[in-house]
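The two complexes that follow have chain A in common; it is paired with chain B in the first and with chain C in the second.
After this line comes the complex of A and B, so read on.
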């Protein structure tokens, strides 16, 4: 629920303290769960820290994994301002990657910067239109946006499979049907001095832009009014239809861009690898950040760290790679359970004399 | 028995076979969700429960050699996850849709984690009844292999419809779903009734999941469920919260899922993946046609988050 008035200091402390408490509880539960598999909890936590944040190498790994989450989280966070629960970021991500790869293939031979811009535009547009469809179905047909966005994920994946196994297939890709490679010349570079691609920087910039849009423009203010009280918004004559379509378009454009980055900086072509669950983890990131665009940045890095440590847990402790999925699910459950604490913590109030 | 070349006649036959074979998970999950939603709560986590049911059913069948014990345990696991959903939703200020999403991620993650070691071995499968014995045509014979769970589901639907209409339990459930205040005034605990309804829904969804791993497609792996759980939730809306309509909708969806393989068998191979998306597309189209932004749906429990 968006709060329009400036928050008192206590509320801000609560907004950080309660999710942190939920996170610690989930880590404790996960430790107990792993203890049943014969893993010492403290070794587990030590390895998780080491794998996610213990060295420059693991930090880079973490930031690479956080990059798509920054953008897929916005797919849930932006519509949340309107009071909508959209969970279809995975579909927009997949289609954004596919559209970007198609654009690169179509423009083969052009200048690298032009091709990259076209790829980004294709990704933004494909993802944006896909989720705008969710908004339109909600606004004009009353279709529940949570269910329709999730159904669209499966349709998007079917489209990806259809195109990479048929019309867009590279005849050379035998084991794993893929589009032709976009070519090394068109790949996104790394941020100088690191192994982290520019996609991470894009993600941070887009989150900041989303913050400015939502909290410092009339458009964003109107959206939050709709989310706070749709009836009041109608009474004061806000263009609800345009707000819903605009916000859902932006919400889809963000994961669409993430899909483009995945193709242009990591995979080099579009194929089934795109369906990696970044969209689903993004939902969790958005909820943990309480749908605040700036809150998404640290939370995405934290979740990136958890998934970066998955490989180490697998190698050193013999835990299945789904261990990080279990942890994510547990965090999510604890977080929702912790909602009950809001307004109940007796925090020292900062009062003016 | 002869393998007759049926040509295009094979397509409607394959759709019938698909309706019988693939509809069972849709049927169980949608009946379960129907019960849960009648109590005024929506459980979007059935996808996670379905996958947990599939995994635990398969694991128990492999470990004990009894597929029916597997079905029972799958139902029990589903009921436990349903209770978890209900307990968290029972807290103040907690949104049931968000808890559903969390449960979906949690269930799928847990199933992949615990099920890793059951991907390879082969577990005993559920038996099927041979209702096509009278036909000499192999395709007809194959289409009419009917699983017992399918028949149980078919009988369960009218039983639930009757129970909702004619029993004290059914009345209380519907009252809680239509007006929590009225139920409270009548002295019923809203949370307790919803807990029971969500647990029952989870039980049925778990059984639906065990059908996936123990009969059709009949193995356990991480790509087993492709959204049947979430489709079934949408299907309840389409069925207007009426158990009998759930049956027709489930049959329709089972048939829609068989379009791809059926067309492939007569030589139409292009667009195989697109035809596989038919159930999702169909759900979306049906929701777009039947929903309306102006009014709540006819028959929707008025305490439901999505009809408020």
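After this line comes the complex of A and C, so read on.
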């Protein structure tokens, strides 16, 4: 493993130990918070474990919830390599789902595999172009990508609402305007032997591909050089415009694919349900994973687990749903706070390297 | 690399210890579980259960069930209409032994409830708002109320209360359920004041507090003095109108506490009447019909108590309409009715009673309403 060997061992241990410490701290703080609400912390931890990871059912629940996050997190993680902060994954997700549903309706009657491939292509393309627009605005017009990607989310949602309430509306969908159903024949199946749809596998594969792209190709290396020092990158002649457009396209294609999976594996049609906040949770996941494509996998599963256990906390302990938001917020703050520890952690045994 | 490996081993040891401790804790700690009660009932809300609106109305119904003997009530709020609700229902069934579920949001029905109902044939799924049909699983069912009857009463009261003759309506989406409420409100208002107009603003979605506040402000700016709404949580609309000195009619739940100065009356769900009834039926071994619909007569909806602003004349008129609706001899959509573009939508001599399927496909705004459905 050339990349790992290039780093001092201490840095790797730090990269794992510091987030782990932050997580434990957050759990402790959350326990204190719940103790004030009259809930015994150990019971809380045990229930959280049971709800998120305690049984095969809980694991499936967790993985299903993690599936879209794997892909939406990449929308923030990939541009982060260029030093860009993109937070508009929600918009790409919504449009990916809408495009996929439209493709399925347009191709109604074709072979299932062909339709599914067309849906995936439509989702990838719609999401990709949407976020590439953010990259282009930044690169050629100097528009701040954080603001533009966020505002484009509202435009994407408005576009979805307009189309499902107007031109693409199924006349039969009276009180919940939707596109016509894509049809059972075209739905994506579950991973055999589980209730988890293929979206989870897609997510893991795409995260691994993103890791290879960023850490083991010239393209990815160039992108990281731009992120490190854009001026230096320009001086050595890197094609910054192409890199920005390429990376932002891929960044949008990932949540676009997640939107396609949501339509093809869960909803069976596009409607307002697509606006469920997966894009926003993805931002959190990406930051927690420190924008590392492989780090996204465990973090997304952790977030899936927290949200899967939220139901038990509500039902058994009488905590409000906001409790899981408090936990998420605490985790986020602890992680950001722990950043200052990098390079300062006293690990005497590790200084050898 | 000996040191590296040593660290790894230490790390491994630590991790194993932690995991072991965690497992021990999980084993030792007495987990609170759903005790073996006779009937476990799950209620699922799409938003917070204290939203002064749609979800609170259901939570009030759940609270009434909680008071019954031999039941265990499970509640979960803020459950999105995605696969998350399938998992919530499944978790209530698998982990807490629920055998009667109330997924209360419209968007839960298809495909989520239908999928789970097919998977768990022994569990009863009572869904609010859906339209159960013969091809759906037999253990799924839907119920809903003609709350437009109460909107009609609100309209009558508002028609008497307004001084400018201009009423305002903040609505989420131009879908049949919402249009029906707007139209019955307008028809009621024009019974009291034939010149009254209802300005409607669609915000575009069920929960958009900022837009709802903007819409309310712009309504009051136009000289509108009575405001009502159909959004998931009327709190923002009601409070904004109150602050601007306008009168309000509530919706979903009782909003009188939010507007002590300007509250008139409102349209409320009466789930605290329906839910215990359903539960009693199930406990007695009976079956709830798969499609339940009803209004004032069936006690599925109710008007909020009048405030002191409501004149004796208005009370009399509204009470009279309420008595007739309860008795079942009053038709709100009685022709001739024109839409606001001048087309006849219900011809003279045609009466569309509440169960008329044509009303479920409403796509117009009646004469006197200012606004457009698209």
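The definition used in the following text is that the second predicted complex is superposed on the first by the 342 of 353 C-alpha atoms of A that agree within 3 Å, B and C clash if a C-alpha of one lies under 4 Å from a C-alpha of the other, contacts with A are read in each partner's own complex, and residues count from 1 in each chain.
Rule of thumb we're sticking to: a contact is a pair of C-beta atoms (placed from the backbone, for glycine too) under 8 Å apart; a residue touches a chain by one contact, two chains touch by 3 or more.
Keep in mind the model is a prediction, meaning the values are calculated, not measured.
Put chain B and chain C onto chain A via the superposition and say whether they clash or fit.
Result for chain B and chain C: clash.
Looking at A:312, would you say it contacts chain B, chain C, both, or neither? Reply first, second, both or neither.
A:312 contacts chain C only, not chain B.
Identify the partner contact of A:43: answer first if only chain B is touched, second if only chain C is, both if each is, neither if none is.
In the superposition, A:43 touches chain C alone.
If you stack the two complexes on chain A, which partner ends up touching A:85: first (chain B), second (chain C), both, or neither?
first
Can A:175 be said to touch chain B (first), chain C (second), both, or neither?
second
Would you sort A:320 into first (chain B), second (chain C), both or neither based on which partner it touches?
A:320 contacts both chain B and chain C.
With both complexes superposed on chain A, which partner does A:230 reach: first (chain B), second (chain C), both or neither?
neither
Between chain B (first) and chain C (second), which, if any, makes contact with A:238: first, second, both or neither?
neither
Check whether A:28 is in contact with chain B, with chain C, with both or with neither, and answer first, second, both or neither.
In the superposition, A:28 touches no partner, neither chain B nor chain C.
Contact-wise, after the overlay, does A:165 reach chain B, chain C, both or neither (first, second, both, neither)?
The answer is both, since A:165 touches chain B and chain C.
State which residues of chain A lie in both footprints, the one left by chain B and the one left by chain C.
Shared contact residues on chain A (touching chain B in one complex, chain C in the other): 158, 161, 165-166, 320, 322.
So in the complex, which bits of chain A are touching chain B?
85, 87, 137-144, 146-148, 150-155, 158-159, 161-162, 165-166, 280, 283-284, 287, 319-320, 322-330, 332-333, 335-337, 339-340, 342
Provide the residue numbers of chain A that touch chain C in the complex, in ascending order.
Touch list, chain A to chain C: 9, 13, 40, 42-43, 45-47, 49-51, 54, 57, 61, 64-65, 158, 161, 165-166, 174-177, 262, 266-268, 271-273, 276-277, 307-308, 311-312, 314-317, 320-322, 349-350, 352-353.
Mind pulling up the chain C residues that touch chain A in the complex?
For chain C paired with chain A, touching residues are 3-4, 6-7, 11, 22, 25-26, 29-34, 48, 74-84, 87-88, 90-92, 94-96, 106-107, 111, 129, 173-177, 204-205, 360-361, 374.
Can you list the residues on chain B that touch chain A in the complex?
Residues of chain B touching chain A: 44, 48, 84, 88, 91-95, 97-99, 101-103, 105-110, 112-113, 116, 226-227, 230-231, 233-234, 237, 270-274, 276-277, 280-281, 283-284, 287-288, 291-294, 306.
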